[in-house]
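Below are two complexes that have chain A in common, paired first with chain B and then with chain C.
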Partner chain A sequence: MSTQAGLSFEQAPPFSLPLQFFLSAPLFLLAAALLIVLDPASLASRWTPQALALTHALTLGFLAMAMLGALMQMLPVVAGSPLPRPRAVAWLAQVPLALGTLSLMAGFLAAEPIAFGIAVALLGVGFAVFLAAAAVSLVRATGNVTVWGMRLAVLSLLLTFMLGLALALMRAGTWIPPASAAALAAHLAFGLLGWVLLLVVGVAFQVVPMFQITPPYPPPLGRWLTPGLFVLLLIHAAAPALPARVATLVEAGLAAGILLFAVTTLALQARRRRKLPDVTLDFWRLGMASLIASVTVWTVAQFSPAWADSDAYTLLLAVLFIGGFGVSVVNGMLYKIVPFLAWFHLQAQLQARAGSIPTMKDMIAEGRTRWQFRFHLTACGLLTVGLFWPLLVRTGGLMLALSALLLQINLLSALRRFYRHGGRFI
Partner chain B sequence: MNTILDFLGSDHRACDDLFASAESAIAQKNWDGARTLFDQFQAAMSHHLTMEETVLFPAFEARTGNTVGPTQVMRMEHEQMRGLMQDMAGAVAAGDRNAYLGLSETLNMLMQQHNLKEENMLYPMSDQVLSGNRDDLIRSMQAVA
Partner chain C sequence: MIEPTDEILVDARELEPPEPMEKVMRTLALLRPGQSIRLLLHREPFPLYPLLVERGYRHATRMEADGSYVILIHPAGAADAH
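This part shows the complex of A and B:
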């Protein structure tokens, strides 16, 4: 462990920097929802331009956007190692990521090669800047289970981007990669099971016990789960070159790891010391239930080749994993991070006595976070059932839009309180 | 003998435990129990913060020659915690459940992210740079009233 690294853990980044990420994320959730509302047939197949556009609005615009903001905030706390040059990094990552995601969505929707070219350039700049800064920070960080989760997640993000780049160039018509089906499978696996899942798992090891005061995760799970999943992902990426039986075994290993994580998390949360109602806990539980449902759906497909080959199977996995798991957990985290930062920076800026400023709970009206959870839950339910009963898809999209809108309003209400009590966005 | 990480880390767990017990009594409006548990929590916290401020931090600062680094941030967060606990004491005295729960949610986040920084960084660093007189340091901390 480097002593130098730990010495720099004092400074949280200025409030405005993570906020920039947190406040743009719900707008992409809203954009995805509106695509569904405008054309419910988007979800008829995973290959419709609308389905591809809305998937990237969710994964890049909502998930990656919020997760990069959260990483920026959490690195000093869990790794003792802030991002270098945070202000430059935030602007040079967030703006290109937002514009690049929009271009990519336009590229899919309009089948426009130029839009793919612009998207690739912008996303390339945004990710290069953020990944370089994160690499500096993570290399000098004090190693612990969460830091390892973050390292492997960030590496997966890099691989996801490289594979996405190849796929985008193919769409732009400039280059045909040699193994496009394998590249697509690896892009999906590293993006969802690498970047999203490994980051959530690594972060869960620290935050699940701390939010509700639960027992810690079993140490062997902390030590082995993220590296184990990552190794399986590497083998999975080579699957086309391996016997089919090996590929299935690797997938089974991934499914077992996911199941172990979800079940352990739910079991720890059931043993929590703080029993008060908590909307973040509800979002996490929905997320874990969705992971278990994803594993169940995958298991059924192993015994039913017809189901495994259907469009509905892939779409169902996507709705459960991206919407039910990813969006839920990130949404729940935003309700802890944003009110806490609003309180923390207000207190530090004003040197206020605690009683003279709003508490974390005053920052966002609890009832409104609960309504947003209900909209989100309903959206997940309707979109899931809607894959089999398309009549429900538009209502599901509408619920998702309401949920995204209310999330944004709720986050803004925290900032309004912060500002009204004399906080400054510096 | 223990490491500093074991010694102070397990004291964090003990404080968390009292914190959760007091909060749950207050959530159920069991005010008699709440007053006793809150007093115990506040005493345990005050003891923990004093051990760090009077024994560990000065030793760390003397050894590393750094008084404006991590220990300064830790001291600042201690003051934030004391401010919140003072208001929580007021809420307990006034029997104001909602005020208490708003403050305790805030304190939990502040306290837990603070503990993470200490347990991930400051304590392991202290074990490393103060390894020569670690046992004496722990004894001095145990002697803090």
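This part shows the complex of A and C:
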């Protein structure tokens, strides 16, 4: 019972592999911020090339980059099932993902068909390698609610990529898919509500009680929420073929599921047994509040068709969901994962010298993570209000740039401490 | 001849990871011959096991009725004394 499914040193990927993902992610957050600073009008419409470039810098470059690194690290721990050939998988997924995201951004910004072609090829290689490895690991894994969340999230990532591929070929002028509006809606839904949300929900069932010492999530929620949301997403993808009323009901179901998750998480966090300040908790709370705000904005749109058709509505949902929810939660988790790995690998490499290495909490100075949270919070606030008062957008972008830089500096400070105490990046 | 072993209780149920592991590592460093650790936790500490094995300790894990775990940690050699 006790030794078969554990994280052993043979199972845990070498420190350098997940780090490759975690250290490139903030650079894309910085790139997105600089796009906003250089051209605050990017946020004037969802269809500006700048808006599309910066959306993909955030979703592929920051969110997917960090989430793939986290999956690689978490599969052995929560599922007892490491990725096969981790070194090859890390390199063949991370490098193409980074270069592919840059090409895609260039494709949008320069409207250059060749850049779209290169992006499609690179992202295709990166995702194919990672998805194949993750599939092997997730098939072998012993099923629990987190593993199910991961399975459905990874499946959603595959669907998101396939739909994105069709859309990119269309932009490159190579091929016109038959139902491009439906493909776009499904690309957005599977990417944001499938890949990002389902992974966060599945992981939350495990990490919120563990790190924030809260009571567990109610078991029925763990069992039904991720499969329920995924089924709704499948119906949603078929919505153009269904009566409008069904489509609205499906969206209402998704909104209800999101609300239930966010409210339950906040309620559990309010009942945590140890009330110490914790910056990751603040990031989670901002994330959950942003989910609730997204659902509220969606609800208002159901009663106001003019608002529902406006660019500001879609952009507001995007800022709240991607920036307020996705970036916040991933950023908060990086502050647990990277210091933990630094501590764990140091502990493993320098055997039996208890007390001679820093604790996990010493790895990154608390005050600096709190400043980074303040920059991030201010950026989210300014960019949200900036949709209605464009003068604020540039300052919002500047705050986001400072936040991204400080995040990178903070993560590097953990590695400096690791290295100074004799840790090796193997 | 054999004294009942001193058991040091580490109740890590209210601690955030990896503080339970950090605490076990510190306690291991203080163990005197014949002493062992009884660790209480809300979940099974998979990442702790390889750290114990590498340092020459054995463990036995038991799940309690309330879903929490008790992990008994002995120096590997001490098993022969029982």
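In this section, the second predicted complex is superposed on the first by the 415 of 426 C-alpha atoms of A that agree within 3 Å, B and C clash if a C-alpha of one lies under 4 Å from a C-alpha of the other, contacts with A are read in each partner's own complex, and residues count from 1 in each chain.
The working rule: contacts are C-beta pairs under 8 Å (C-beta built on N, C-alpha and C of every residue); 3 or more make two chains touch, one makes a residue touch a chain.
Every value quoted in this text rests on a predicted model; they were computed, and no experiment measured them.
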Quiz item: If you stack the two complexes on chain A, which partner ends up touching A:Ile213: first (chain B), second (chain C), both, or neither?
Solution: both
Quiz item: Which partner does A:Trp307 reach: the first (chain B), the second (chain C), both, or neither?
Solution: neither
Quiz item: Which partner does A:Phe340 reach: the first (chain B), the second (chain C), both, or neither?
Solution: both
Quiz item: Counting only touches as set out at the top, which of chain B and chain C does A:Ala79 meet: first, second, both, neither?
Solution: first
Exercise. May I ask you to decide whether A:Arg273 touches chain B, chain C, both, or neither, giving the answer as first, second, both or neither?
Key: both
Exercise. State which residues of chain A lie in both footprints, the one left by chain B and the one left by chain C.
Key: 1, 3, 6-7, 9, 77, 80, 210-211, 213, 273-274, 340, 343-344, 347-348, 354-355, 359-360
Quiz prompt | Interface residues, chain C side, partner chain A - complex | solution = 14-19, 21-22, 25-26, 28-29, 42-44, 46-47, 49-51, 54-55, 59-61, 71
Practice problem: Using the touch rule from the top, collect the residues of chain A that touch chain C in their complex. | Solution: 1-3, 5-9, 77, 80, 209-213, 273-274, 278, 340, 343-344, 347-348, 351-352, 354-355, 359-360
Quiz item: How about chain B: which of its residues touch chain A in the complex?
Solution: 16-17, 19-21, 23-24, 27, 64, 66, 69-70, 72-73, 76, 80, 83-84, 86-87, 90, 101-103, 105-106, 108-110, 112-113, 115-117, 120-122, 124-125, 128-129
Quiz item: Residues of chain A touching chain B in their complex?
Solution: 1, 3, 6-7, 9-10, 77-80, 142, 144, 206, 210-211, 213, 273-276, 336, 340, 343-344, 347-348, 353-355, 359-362
